[in-house]
Amino acid sequence: MRLFSLYRVEFRRLLLSRTAAIAAILSILSLPLGNLLTAFSGGRSMSAHYILTPVLTGTTAGAIVWAVVMILEADRLQRSCVHVLTDAVAPPAFLSAARTLALMTLSAAVTVLTALVYLPCTASKMSYLFSPGFYFANFMVFMLPTWWVSILFADALYQITRRVELTCILYIALAGVSISGIAASDYFMRWINPFVITYSDGFPTIWPLRIGLYTRVLWLGIALGIWLFSILCIRRYQRGLVFSILRNIQKLPVLIPAVMFVTAGILLWDFQPFIDHGPDEYVASDNVWEIDDANRISAIRYSLDLDPATGTLSAKAEYDIQVPCRGEDVLNLNPGYTITKMTYDGENIPFRTVDSDINGQRPTYFELPEQLCSKTLVIEYSGFPTQGKYWSNSMVRDTIDRDYISLSSVAIVPILENYYTGVDEAAVADITIPDNLTPFLNHELMTDSVDNGDGTRTWRARCPKYIGDLTAGYYTVDAFRIGDLAVDFAYGTAYEEIVAKNDIQQTIIDILTYGTEHYGELFSANNNHLLLRQESAMFGGGYALRGVSTWFETVLAPDTLSDTDKGASATEVFIHEMLHQWWGGLGLSCADEELWSSEGLTVYSTYRLVKEKYGELYAQQYYVDAWKEAVDEQNRSFYNRHPEYLDLLPELYQAQIRSANKVINQYQRMPLMILKAEKLVGGEDKMDEILRQMYAERDQYQENDFYFTDFLNYLGLTEEDLNLE
Amino acid sequence: MKIDVSHITMIYPSGKKALQDISLSAESPNFIGVLGPNGAGKTTLMKLLIAGLLPTKGEISLDGKPLLSQERYLKSQLGYLPQNFGLYDELTVWQFLDYMAALKNIRDSKAIAEVLERTNMTALRKTRIRRLSGGQRQRVGIAQALLGNPQLIILDEPTVGLDPEERVKFRNIFSEMAQDKIVLLSTHIVEDVQAVCNRVLVIHDGLIRFDGTPAQLIAQTVHHVGTCHAQPGDDAPDGCQIVSKVHTADGIRSRIVAEHLPPCAQSCEPTLEDAYLYCIHRPENQKNIREEPAAI
Amino acid sequence: MNKMCFLKILCYELRRALMNRLFLGLLLMNGLSAWFLLSYDIIRGTAYTAPFSVWSYCTYLGRTLPVAAVTVLLLLSSYYSKKQKQVEILTAAAPFSPFDQVTIRTVTAGICFLLISLVVILLALLFYMRLFGFRNFAPFILPSVLLLLPCFILVNGLGQLLGSLHCGLIYVLMMAVLVLCNVTGVFDLFGAGYFSSVPLTLPAGADGEPAFTVGAGFIAARLLYLALGAACIYLTAALSARKSRKA
């Protein structure tokens, strides 16, 4: 009762406090700053612009503001020497706790108030895309817990140091770790400025909220534990820190809870289920599996039961194995999944999973009896899919939600590495998902389904390869033909109006027509079929494979489509991805070299199409000049001029610089070289002729890729001829 | 050294009139006790004398020359202990006094040892100030005021926080110093004034009500101090100030001060405290009342 | 005032300023942030120049200056705190002129600033030596002085002037310092923006890097800051003298 009555007094006092009022006003007003400081770039969804950015800005700014208030309030008694009076009336520990709890309550009230203040404006701007539940969830998941963590940290630091300046310095250092480059894309270190990639309008996923809530709970635990410990540091009998702790431990039973909370927080961090424990960068695999043609999987059947409520999957995969491999076998599975059972020919077989995550995969080793041929390996597994560490800061690739499902590769089914992955029969997949989602499996629209009557639908498909991806969301699919080519244009239902209004279908026809006219008929279409699918903004980009081209969601964002002076905008990304149908994948399969890749030809082709569509000046400004600027910068870069110094740098920096160089080489330098080649060979028409020939002869390069030297041969030029310097 | 205060009026920016047309003169040696209730203007007078304030009207001169033109000279001869002050907690007693000595341009290192000895702080010279009690901090304040043998010593409530033995000791130190200096002592403790001061200034409402010797102040109060008996619940007689009340078996025996003693009161020998109370409550004390200071 | 006394007071003020946990904490924080800056940013080189070019060095120094400036302001805030004012009741009665007082505070703040800057500079030299084997530090001297001195004089002068008006204004000035980080051009007080943008406008030399030059406008701005800072310091002393007698 004592604590509660003190809490009431403190809360009432805070309600009348001018400092608290100013803090509330500043916190509320800070939300729009995020969008003022970062101009809307067209690369963000409406949800990101109107909800995510303001909430995250308010979260961080408010956290700092409330921390300042907490420090001032904590110091108030000392500053005004009132503590000599209050300590004689109420236990200092209770008073301190009451004060902190009162401030946390006030900050909670301000959070709700902030959400209500901006609700009308946000709802009006986002119109049909607005979801009140999602809107409020952002405030409750990010803003409120972060403010609480900040208040707890500030009070804890003050109680430990008892000095305002030292508290401020330590707090700034703590916040600095979160805000600085150290924590850059780390979901877990960023306690004051939560990390969220973006939001999707058309394919909403609550994965960011899930991990956001998890990290907030984690930090609340740690902050609460430290704060409880700091209560032990409240000075007694005018003695120092150590004496006070020893004295307070005897009187206040908070040490054990403090340790428990901190431990819980650390354990939550260590055992987090969202991101695997692999390296930060993609690791080129050293493993070379010796695959004997005899070691074949003749058939695969798998069934996935997806539970959006928990974001988990439970599945069973059956592999008909003709001849087992000798020795130990290995399969790779998503690190978030657990294999619950593995049988071969009905008998359990032992297996061991190694905690060695690489590139979003975790290996499990097992051994099949060599003498048993043509038997079925059954693997049962379940769990919550993790993101690979190296991509987790730029995309959410594997997620199971009520409104959106995306799974790829080992997040769908285990990949048996020692076995020949081409199967004699198509893999049969049975996938159960919510009945309002449209699924695509391995880039094919699934059509065969059964309504289970419980809000779910089971879809069946047969796929030539079992390794691929599954995407399900609210899609509208428009089918049309361009000559013999059947095109399925799949986009988010939320964008129906925009697609109709901007005549996107015609744009697609223009691109496909251009490609066909300049380079040849599109053979990458799968049986003369091409799927163009809009990818969620959470995916981070687009890609092109046989028969499918995906593109970034915000291509269809209203601001993107209406803003034509942005240069290489998201619309042109769309064009770029589509042109990959010719250059890359199973079009002309280009090798991935330092300078040469499919990107060079694709970027060049995009430039040519854009030049035709928007004019030479536009293309010159946003393509050629931009490439030259990038190449100039690269040439000027110190480490490019002095590669001997590059070797002196730590490996991490070397890798970063080399990686950045490669991107410029492939995306900017090579297109400039191709442009130069165009002039040398005699102009655009001549170049188109050469490209047509290359594309027509692409089959030769299916086994061994198409290299830069091959390209030079077609051009009849040497590398020195294309030298830009 | 001679200080002349001539028709000084001090009005603060808030409009409060702290001093009204006061004049006084002091020449060394002199030990002047300044008495007065809270808000009388004692501290304002002190601050004017140390050139800490500019008077609204009037002039203060030091040795015949305007004080403000000799500020540096004044401060080189000044030892000042204010009522409220701070110390550098992180320094030791010796270090703080060394610091103050440097500020006062005192190069003689023996000066510090001397004041430490005088204020009985030698044993605490290496103790950090933050570890001192309130009384010990007060002694540090006194010590810094005595540094360098200043000719003008102004002490505002110097014995606050000191135990009775220390009070007596410091009274004697001040008295000793006053043999060849001007010492101004502002205090509420009448015994301090009675014991050592040769001159008393009573200030009330910004006016000097009395300026003379303690004996003269007491003499004024003869026949105006008496004792009377009353019962619990009885009001004080009109026009009387009750100095003290003692509850006895026969009722309450009160010591009273009045312009005209009531018939029930028995006249008695006034003390300095009685005289002070009588002085500040006398109805006709609206103007400066000046008695000729006794010659030393 | 006698020189010995002046030095003695200065020693005590330095002792109070340097030998406390706050300053040591700030020094440590400065050092850590400087190291991170070197390791994550300067290592890439500024404006395509070498990480150990004078351009990069000046950019680095310019980026660490705001923290040093805030440290100086924190120190100055202690001179205008309530506690200090209580001690000043005693020290004001001493024949210690406000000009001497301001001078001592300026020198104290200057030494603190210098210490912090030295740590930052030494870290850079160590970084260059260790990582790149670079040892030619002579060209760094003049630019260091050009950056450090005007910054300190101005921040110190403004800090003392504002502090003498109201202690809270020093904290406002701290916020202003953080905002000033983003100013570029010749009036860039800290120089980071200037030195990271000017090389991009200059032609590359024989070694592929633009020769280090400082524009007349930048130097003029430094002189202006010096003059402003000195004026503020003088004004502070004058105001202190006047204020000590105000009711």
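Points to keep in mind about this one:
Think of it as A, B and C in the order they're written, each chain with its own count starting at 1.
As a convention for this text, a residue touches a chain if its C-beta (ideal position, glycine included) is under 8 Å from a C-beta of that chain, and two chains touch if they have at least 3 such contacts.
Since we're looking at a predicted model, the values are computed, not measured.
Averaging the CA coordinates per chain and comparing them to the mean over all protein CA atoms picks out C as nearest. Using the average of C-alpha coordinates as each chain's centre, B ends up farthest from subunit A. With B-C and A-C as the two chain pairs, more C-beta contacts join B-C. Note: centroid distance subunit A to subunit B, computed from Cα atoms, is 78 Å.
Put simply, the C-alpha centre of subunit B and that of subunit C have 48 angstrom between them. A separation of 42 Å divides the Cα centre of subunit A from that of subunit C.
Residue positions of subunit B in touch with at least two other chains are not found. By the touch criterion stated above, subunit A contacts subunit C in their complex at residues 163, 165-166, 169-170, 172-173, 176, 180-182, 633, 636-639, 641-642, 645, 648-649, 653, 657.
Residues 10, 12-13, 50-54, 68, 72, 75-76, 78, 80, 82, 84-88, 90-91, 95, 98-107, 141, 144 of subunit B touch subunit C in their complex. Per the touch definition, subunit C reaches subunit B in the complex via residues 1-2, 4-6, 8-9, 12, 15-16, 19-20, 83-87, 89-97, 244-247. Residues of subunit C touching subunit A in their complex: 21-22, 25-26, 29, 32-33, 36, 40-41, 43-45, 48-51, 53, 74, 131-133, 204, 208-209.
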